[in-house]
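Shared between the two complexes below is chain A, which pairs with chain B and chain C, respectively.
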Partner chain A sequence: MSTVAEGAVGGKRPKAAQRLADSRFAAVLVSPTVLVLVLVIVYPVVAAVIDSTYGVAGLDEETGFVSESEPFVGLGNYTAIFGEAGERFWNAFVNTTFFTVASVSLETVIGVVMALVMNQALRGRGIVRASILVPWAIPTVVSALLWKWIFNTDGVANAVLGTNVLWSAGGLASQVTIIVADVWKTAPFIGLLVLAGLQLIPEEVYEAARMDGAGAWRRFVAITLPLVRPALLVAVLFRMLDALRMFDLPYVLIGPRKESVETLAMLVQDQASNVRYGAAAAYAVILFLYVFAVAFAFVGLLGASVVDDEDAQPGPGLLERWRRRGRPRGSVAP
Partner chain B sequence: MTTTRRQLVAAVAVTALGLTAAGCGGDAEPGSAGSTGALSGKGPITLALPTTDVKARTPVVDAWNADHPDEKVTIIDIGAAADQQRQLLIQNAQTKSDEYTVVLLDVVWTAEFAANHWVKELDPSRYPVGELLKPAVETATYRDKLYAVPVNSEGGMFYYRTDLLKAAGIAEPPTTWAEMAADCKLIQATAAGKGVGCYVGQFDKYEGLTVNFSEAIDSAGGEIVGSDGKPNVDTPEALAGLTALVDGFTSGMIPAEALTYQEENGRQAFQDGKLIFERQWAYMNPLANATDGSSKVAGKFATTTIPGIGDHPGATTLGGHNLAISAFAKNTQTASDFIAYLANRDAQLSTMESAGIAPATAAVYDDDALIAKYPYLPTLKLANESAVPRPIAVNYGDVTAAIQNEAYAAISKKKSPEQALGDLQTELASIIG
Partner chain C sequence: MASARPAAGERGTVTALDRTSPAARAGADAGGGATTSRPSRSGRRRGGSRRSTATLYAGVGFIVLYCLAPYYWMVVSSFRRTSDIFSLSPIPRPFSWENYAAVFDPSQSFGRALVNSVVVAGTTTVVALLIGITTSYALARLRFRFKRALLAMIIATSMFPQVAIVVPLLKLFTGLGWINTYQAMIVPSLSFALPLAVWTLTTFFRQMPVELEQAAMVDGCTRWQAFRRIILPLAAPGVFTTTIITFIGAWNEFLIALSMTNSPDYQTAPVAISKFSGAAAFVAPFGSQMAAGVIVTIPLLVLVLVFQRRIVAGLAAGAVK
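== the complex of A and B ==
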């Protein structure tokens, strides 16, 4: 690069000017990508925020027609969640959080178990791996319909359990169906990502641990988990962000407007379908901020390295730094 | 921050601001163009239909297409669930798209679509309005102006198992809920009726619940919205109606799983012989009479009017569909002619004969040849004439959500009927005013 510039100008350019020229060239090369990102990410978010400052177009009692434009209400849609509309919002908030925590915990445990199984050198390992992935490959709406039939009052679930539970009528039963269907579908996803991490662990480390007398559980906790942590954390982070935005599963499995399973995304859709775009945009912005905050906290606390860094190991998050407090750097925990 | 980074950030910010400013003017504005005004243009058009209507109305559409090769009608399927259809139609209107020309609206959507300028006002002289059932035409009117033309109008019917009633020695079907409960006890004591469920309607949390709830209220002499347009649901009569419904669940007259039933669940249960009585729309008639093995009750049932509660005669809720012209469509002249064609007596008659869709033409119900072929026609006529429409509101979505919330809470025992009706009155007052 610098040779070309030198030759073109016909003399040696000062270093600062050269760096500036390089920077400008880099900016030009990157600008199409930046433009696309702005269009696809920044513009919708900003448009949603602006939409959320408008209220519902009023009905003119005399003519009987709805007004042509929506009134500006500023932060009215946001403060309303602390009022009477708030009950439904907070219910959705609690449901969303509950589903996320319950589903992701179960998925992680089951996913790690699946990965450990898939990592064994079994016969037919390829088939086992492919078939474990099948639930993940099925579109969510289709799997929701499948589980809807299973959890029908006359369906397989009641037949196998010998009960007569009304699964889709609301309450804890409906929440259980959502969690079961979600875990069934996405545990393979975590399993797959963790499997990739497992395959990077060299066999010698396990051999050495076995020679040192470490049992299976100790090997798992002291070797497998720490070494698979980057992959596991990435998988859990992705699943958490997905679960927070859950919409299609409860909507198809149970139905809209059922109090015990309504999530924030369903609330947004319900408002939008009633032409209350201001409130829908406000809830969507709040959901966006919630997801953002959760991701931020997760990365900060646990030090998940979602960004490719020079050293592939994740840096110590807040949690790790707290654990290491008072001990000099480089010392290993007892 | 280096110079480059600062420049990049500045560039991004400026682009974002610019795009936002450009997008600022595009708020959701209902279009005013073409809501009233002359029809113009002849040419190909589209017809947006729910899935159940697609097969039923294809023969008539094909007949039109054969006669009008330059004004072909293409059918577009907009889904099976009413909620989904409404969303698609609203999206189409919000984007001012001309994709749907003629749309089939549920009877409760007229006010919303008219007030938002999503459908055109129609000139009654162009359509055979005089031949159509009066309650049906009223559902297609908003503020005394015609916005749609009815092509399907029906009330709920009361289906009963003639064989089971005969086995228990009961001569006539029940005319009140009390009689129905007594009849069920007798029938369930016989060998044939042992273990058979008594009565089922549509009780899942969806529009069907609004229909069944309003039928219970109206059959007890109450009302949801008064003649002055104001909600009046917190009355002793309405309480009697809702209590009868709740008691039905408590006493087991209505089986517990009916709480999750929509139309198809109930139809399946009745066709499998698991029910004595059912409240259902007319479409179940030909299906339950099918002799291909899908129905165990073919020829063993009949229909009558909905039973009443207390001293009041039964009242059914008016259902049906009307055809309207999208406000953003092209070739509206053809659209208008096509609607007149579909609303014609012959077209409505043929749709009934081929698919069992209850017509909105009054004369069809008096045709002797048809009555011989479809014995349920007189019941349907009575149902149509006495049917009570659901509340008319521009934001009907909110009204039905409120009704569903309170009704579902009452029948799933989360609220007492008194409290449910009180809360419903408050909510409706704030929605309808």
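== the complex of A and C ==
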């Protein structure tokens, strides 16, 4: 797109000069954002890595002196996760992973079903669209309170299910409440993104498949899924990375320092609020690396293309071609 | 429900055509190409017997119920009296404002928390938009070195675990004496609000025809003038949508606000709700929690309902690259 712009706009000025002017202009336009991101992301990450090599100020066990400043411990905070103190860390690690896998798989299935229904529905599209945005817009804290109330021992969940479960007492029951609450809030979001992908599939493809005698299931597996794959992969990736940093939901729904629902983010926050900055920073760095490892693995294995700069694209994909056709804004809406 | 009107119009057209021949429908589809979804829908419904239509409406009903029933329960519970808070009737009887009165009891300083939320979320949104708008234009239109690197950085930061930056910033702000200040919440909030704003705005700018600037520049405008006088006014709807999406994100933020404050005077509404103690200390204040939740959610629901079309377009544009 921008190739056309430069070529046509160059006018009297030579192309090279125009390019230079453009990149200077771009530097001016971009620098405030870069500056802020360095300040609020790059600096804290570097600081976290440095902090993670320091221990807790106080009594030094070896010398018997009380130090005011935090002692340097090297990789001590990291190696501690393999020792006695590591039990809580691994519990949080397993919880985080379990919540992510369980919630995201359920969300994806429910979200795709929702998108398929919305794509077919003729009537009530306005109300479906409005209602699907409600869980997305509700603050996580509020939805946590809402589900805490629903999963109260004397609450409506037990009444409807005819059970008498102590949902907040810990164990699997508490984990289930977290997953239910998370799926409720985010499945519609996946549905929305998948729907946007579904609407790009031209009807002729289905028409052709139908003529060849493909049934509904076969059309779904052979056409819908592959064509909706890019949108779906991005939605799942976003959700996975979001679930890995889960904090608000278990913190409010069940509470802090509860073994069965403590996630890595909660562990970091708890350590920091107890002024154990070193350990907090070390766990934060591990979580950070974990998130990036998952992102890279996901992008590498499944080829989800997230950074999609049109200058660097090998050829226009279905999405890009459709976009270039100039779509009126708002047409994505279900 | 402002946008219900166009939807209703659309619905009318399609249903009217529904019983005509497939050929007529195909023609209608070509004409109504503005809504990309239409061809796929009507075509696939051809095999649609009465049974599959019923299944479809059951599906629609399920989605609406799934999304709204839990929230409905919250609203209903907020209108019950404390004495019958555990009632299971689907409508609050007797109807009571008791919980709402409790929420705004001065001891809860919930009104103050709402003001704090407006200040923090509002400032974060405005700053993120002001800083982000020029960057998004550059990313969408200009060619420059490190563009891909910058795009990658922005998408990476939007997936970033907030808790990793909270620890060092907490330490830093403690040193600066910034704990219990608005800036201690606004600055870290930019770490997610700015990438979100830039990402969404970039996709909006990309959708605008390049010919606009070309024409302006042929007429002697510099790039900056073309951007300020031509593009910016025309991009207003996209900017507006981005503002709403960013504001909702900032309004819902919890971790930063929780970490950077310890005085009720500076807590934002989500933090205040999570710490709600209620008037009577010995019972969990479910009623007033539900009422507070409804109050915090109302501004968002109004925004969402009024601008649903735009928000859906913005979310889809930002995520479906």
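Convention: the second predicted complex is superposed on the first by the 260 of 334 C-alpha atoms of A that agree within 3 Å, B and C clash if a C-alpha of one lies under 4 Å from a C-alpha of the other, contacts with A are read in each partner's own complex, and residues count from 1 in each chain.
The rule we apply is simple: a residue touches a chain if its C-beta (ideal position, glycine included) is under 8 Å from a C-beta of that chain, and two chains touch if they have at least 3 such contacts.
Since the structure is predicted, the reported quantities are computational estimates derived from the model, not experimental observations.
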item: Which superposed partner A:A284 touches (first chain B, second chain C, both, neither); value: second
item: Contacts of A:V141 with chain B and chain C, given as first, second, both or neither; value: second
item: Contacts of A:V34 with chain B and chain C, given as first, second, both or neither; value: both
item: First, second, both or neither for A:G162, with chain B first and chain C second; value: neither
item: More chain A residues in contact - chain B or chain C; value: C
item: Which superposed partner A:G213 touches (first chain B, second chain C, both, neither); value: neither
item: Touched partner set for A:L244, first chain B, second chain C, both or neither; value: second
item: First (chain B), second (chain C), both or neither touched by A:A196; value: second
item: Touching partner for A:L20 - first (chain B), second (chain C), both, neither; value: first
item: Intersection of the chain A residues that touch chain B with those that touch chain C; value: 23, 26-27, 30, 34, 39, 43, 47, 51, 152, 154, 273, 277
item: Residues on chain A engaged by chain B in the complex (per definition of touch); value: 20, 23-24, 26-27, 30-31, 34-35, 38-39, 42-43, 46-47, 50-51, 54, 57, 59, 64-66, 68-70, 152-154, 164, 166, 168-170, 255-258, 273-275, 277
item: For the chain C and chain A complex, residues of the former touching the latter; value: 1, 3-4, 7-8, 10-11, 14-15, 18, 29, 34-37, 39-45, 47, 56-57, 59-60, 62-64, 66-68, 70-71, 73-74, 77, 86, 88, 131-132, 134-135, 137-139, 141-145, 147-148, 150-157, 159-172, 187-188, 190-191, 194-195, 198, 206-207, 209-210, 213-214, 217-218, 223-224, 237-238, 248, 251-252, 254-255, 258-259, 270-271, 273-274, 286, 289-290, 293, 296-297, 300-301, 303-305, 308-313, 315-317, 319-321
item: Footprint of chain A on chain B - complex, ascending; value: 2-4, 7-8, 11-12, 15-16, 19-20, 23-24, 27-30, 32, 83, 86-87, 90, 94, 114-117, 142-143, 204-206, 256-257, 259-260, 394-395, 397-398, 401, 404-405, 412
